[in-house]
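One chain, subunit A, appears in both complexes that follow, with subunit B as partner in the first and subunit C in the second.
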Partner chain A sequence: MAFKRIIAVLIVLNGQLVKSYGYNFHRPAGALPTALRELDTWALDEIMVLDISRRESIDPLVVRQIREACVYSPIIYGGGIRDISDIQTLLSAGCERFLLETLYLRSPETVKRISDLVGGQALILSVPLVSKVGQGLVLRSSSSNDSSSPLPLNEIAETIAASPASELLVIDAVAEGHGGAFCLTSFDDIELIEGSKGIIWFGGLNGDIAEGLLTRRSTVGVAFGNVCSEKELAILRVRRGIAQAVQQRYLRRLCL
Partner chain B sequence: MIFDSRLKPPRECVHCLYSERHPFGLQFDKSGLCSGCTTHKEKAALDWSERFHLLSKLVKKRKQRSKFYDCIVPVRGTPEYFYIMDVVKNRLGLNPLGVSYNSQFTSSVGIKNLARIKEVFDVDMLSYNSNPLIYRKLVRESLVRLGHIRWPYLAGETAFAVRVAVEKNIPLIVWPYHQPTEQVGMHSYLEEAEMSRRSWIEHDLMRTSPSDFSLRSETLITLSDIEDISYPENKLLARKGITGIYLANYMPWDTKTYSEEMIKSRGALSAANPRTFDTYDRIDDLTYMGVHDILKYANIGYSRVTDNLCREIRFGRIDRHSAKIIEGYYQTHYPADYLTPFITWLGITKEAFEWFLRFSNFGKKEVTGGILSIVENEFVRGFFSNHPPLTEDIKFTLYGKGLTLAENL
Partner chain C sequence: MTRVGILNLGGGNIASLVNVFDSLGTGVIVCEKENKFLPSELDLIVIPGVGSAGSAMSCIHNSYFNDFLTHFNESKKPVLGICLGAQLFFSHLDESDCLGLGWIEGSVSAIKNFPFYNTGWSYLDYSQLRAANLHRSLSRSPAVYFNHKYLLPSFNVGASSQTDQVGSIPAIAVRENIVGFQFHPEKSQAQGRIILRNLLRDYFGL
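Up next, the complex of A and B:
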């Protein structure tokens, strides 16, 4: 039986740790090494470091900070990965899994080569989605050089399914940073990618929404960002809330 | 991250005086407004009566869990802390336990204010005095390691409050405000950010935890030295459900207004401070606006008067241009005689202290700040004081230990 994971997300912008709100507005959030070390004491399943600077390469400062933090929790790194040398640099810094976004659309063959090196289980595809009137769910552009129109989800669903990556990080890019605002599963389009790979949901989750998402067959994890810097042991509280909700549902079923 | 001003000038906010140099980090929107100013706008926009109602519901839940004391309130000897006690005791109807950590450099006005809080609000108070010899060792280490003398106090003040909460099973700690939120807008007030170990290490302790101090081979600090300034473990916090809340998430926090209210209604004392116009802020500590503030400017390029002015600009009580003039004026103050008792206590010479300044990022601000105009003078006079200035109070009060430090130097 596959277990479902709770993941903390740390967002980095131009080398600084930030809290992000819909990728439009940002607040300072302290230093990455301190955050990593503190989250490492929370017994999390994974910690994701997501660089949203729209760089064409990985940020050496961020990589150095990850290396110096020296944490035990598995680290997923995303942002600016363009070739195998980036993967090798990140592996030596202690990262175990890699989030790819621009690369799987621009160069699927590079993704294949990376998969041959580290295995498909180490790769996650990032799918940040926004809802456009008349188009349904579309991919939010992550590259500063990309001035083309946003891609509808139905046009990239095949690319996603064919990729060797094992999981998807599906992001509600509008709700991101606004706890409780997540609403992607209310769109029919989302079924295009559910079932092809395991999904980690991110963007505007709270405890109740996470509990509902975890019951979906396609879900392998839920990820939380800003709340990790707002409350002491935030993920533990979420975990407890989910456990209590699951227990109550189980008891109700027994009574029926 | 230390900003290197030699590379390029730091980006400044178009409204307040903060720049990218701020050690908490600063983000800017498209118009050039910093995240601190953006968050400050919430003070005018939110429905604070509704938010106070939320606070009342939150503390009511916590009140039911505790046996005698409903909450812990960390207390300092400034007028603002009268206001906190007033809110907690009289508006929220809680029975608080005040906790106070001796900074070893408490001013006489600070001691009087602490005594007055106990008297006026009839609250129990727990005070902690650490071993002054160990404390001095920690201050020396933090000066050498971080260029900062208040690290031991900041570590101890929070750690003491949390340790008392754990030991006495009092799950709620009430703080006035979260400094990074007030200064750089780290959180929205709607997010109701809470006290956390991460914030303590990151912002209060400059990313250096107590264990970092003792782990290095060249240090004289031992594990027993840092025992009383260590934060309790996660499993204890989780088991006891310890939460620290900030009143500023539920009230439009304004240090000046609240302090003046308490001076008028509760007899709180205020006094003139060197290096700033603010007669309410940090008047409980003889070193804050002296040695500490000079070191702060030397290391990060701005001093406490900038924090005070940014608050006043955001509340619309002064414009940016006048604030800049006032900032320049106070930053050049160097009260040499006022620094002497601390330097002597620490066991260093004046030349050694000047050496720290010379090899820091920004050194000592030498350029004279000029004179204040009528407008600026009127603004400065708007801050009330009813106690002799701190510069007249040059003897440190050492109580509870019966030691004469001269014998132990």
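Up next, the complex of A and C:
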């Protein structure tokens, strides 16, 4: 089947491309359309635009910027998707895969309707995790207004497995922005969601950690955020290092 | 100028297809269910694909698309199907347990012995591309992007990767004026655009 993927994540806050550190501290990182075109030229496997503004709807400014970039790489969009009309707006901008955050927990029936429209292969569920003493891995709340107790992973594992989405974006929400700090696979709980769907790992990865993750059967991809907005071609150097380390086993050769 | 019509079945990424055909210098028209087009107005029809087989066939049957496609095929005019669009060419679609267009015999079934969707990049077989006259200017291992769970039952060009657990997978099915791509050329970067250009120029002669 297909090679595993290196995915570039462009993080957007209030319409602005940023570098993010634990979702709490952010620094401007240039223009989104420029970053999209550069990553398209460098031929990454997929590009994810992740809006962390915690909006109740998708940001029309971000949608317009994606449309204007007009890239020929697969684009995943995440952030603020609430219903089918959002999906149709994003399709018209050139996105074909969609990251669903709280929607799959709040309204599984809406996810089913979206899946009937675009297919399960177009849907990815966001699973941002933190570890809590005595509870193991729990879902990190995506809303600053959400004061309810965080959901343990073992309580949502069935919901995740039953969803029509094809893949999961599993995020180490504490390590995000801190390269080398990823540690989710050291928790036994993680096995609750491995196997039901393909997993894309994100949050605090570096080359060494990514090499190890690529060997896991459940892994279909690894995602990098801030490094995409660092020095030019930094993400390509990371990719080249990983490919050499795994002897080109899991990744396609780039044709640049 | 070549006139390309893209059928809007409701769930596909039409924008990317419009962009890529526009970049190849063709005229592009998005055919909506509500606005009827005549076959004589178009040189090539593209059936895009995302969504479920059942809803796509329902959309075709409940609109002028059905007669339109029948006329196009019977007059041997070029038709390109992409992903789900390619699967619709066949006689039966297991995903929704419904009939396809029936232009090519075969049943589109799910990938066996593999728990996930086939999402990502694989290399097309260059020698098979050459046999289909789609190889010009491509690298010797052209990688293209797939995102599907169901397989074309017959094919002319296969694709593979070094991680292969199920062997070569169907990538391109060809029968005279009908060409089906299981992968997404509009999302396969430079190699995808070259394959589309070869299809228009070398295979269809447009």
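One rule holds in what follows: the second predicted complex is superposed on the first by the 244 of 256 C-alpha atoms of A that agree within 3 Å, B and C clash if a C-alpha of one lies under 4 Å from a C-alpha of the other, contacts with A are read in each partner's own complex, and residues count from 1 in each chain.
In this section, a contact is a pair of C-beta atoms (placed from the backbone, for glycine too) under 8 Å apart; a residue touches a chain by one contact, two chains touch by 3 or more.
None of the values given here were measured: they were computed from a predicted structure.
Asker: For A:A223, decide between first (touching subunit B), second (touching subunit C), both and neither.
Answerer: So A:A223 meets neither subunit B nor subunit C here.
Asker: Where does A:I235 make contact in the superposed view: on subunit B (first), on subunit C (second), on both, or on neither?
Answerer: Neither partner.
Asker: Decide which partner touches more residues of subunit A, taking subunit B and subunit C as the two options.
Answerer: C
Asker: Which holds for A:L213: it touches subunit B only (first), subunit C only (second), both, or neither?
Answerer: After superposition on chain A, A:L213 lies in contact with neither partner.
Asker: Name the contact category of A:V170: first (subunit B only), second (subunit C only), both, or neither.
Answerer: In the superposed model, A:V170 contacts neither subunit B nor subunit C.
Asker: So in the superposed three-chain picture, is A:R27 touching just subunit B, just subunit C, both, or none of them (first/second/both/neither)?
Answerer: In the superposition, A:R27 contacts subunit B only.
Asker: Considering only the touch criterion stated at the top, classify A:Q16 as touching first (subunit B), second (subunit C), both, or neither.
Answerer: A:Q16 contacts subunit B only, not subunit C.
Asker: Identify the partner contact of A:F3: answer first if only subunit B is touched, second if only subunit C is, both if each is, neither if none is.
Answerer: The second partner, subunit C, only.
Asker: I'd like to check the shared interface: which positions of subunit A are touched by both subunit B and subunit C across the two complexes?
Answerer: none
Asker: Mind listing the subunit C positions that touch subunit A in their complex?
Answerer: 10-16, 19-20, 50-52, 55, 84, 111, 114-123, 139, 141-143, 145-149, 161-166, 169, 184, 186-193
Asker: How about subunit A: which of its residues touch subunit B in the complex?
Answerer: 13, 16-19, 25-31, 33-35, 38, 41-42, 179, 226, 229-233, 236
Asker: Any idea which subunit A residues touch subunit C in the complex?
Answerer: My answer: residues 1-5, 40, 43, 45, 67, 70, 72-74, 91-97, 116-122, 166-167, 195, 197-198, 220-221, 248-250, 252-253, 255.
Asker: So in the complex, which bits of subunit B are touching subunit A?
Answerer: Interface residues on subunit B, with respect to subunit A: 1, 24-27, 29, 35, 38-39, 180, 184-188, 191-199, 201-203, 207, 234, 237-238, 242-244.
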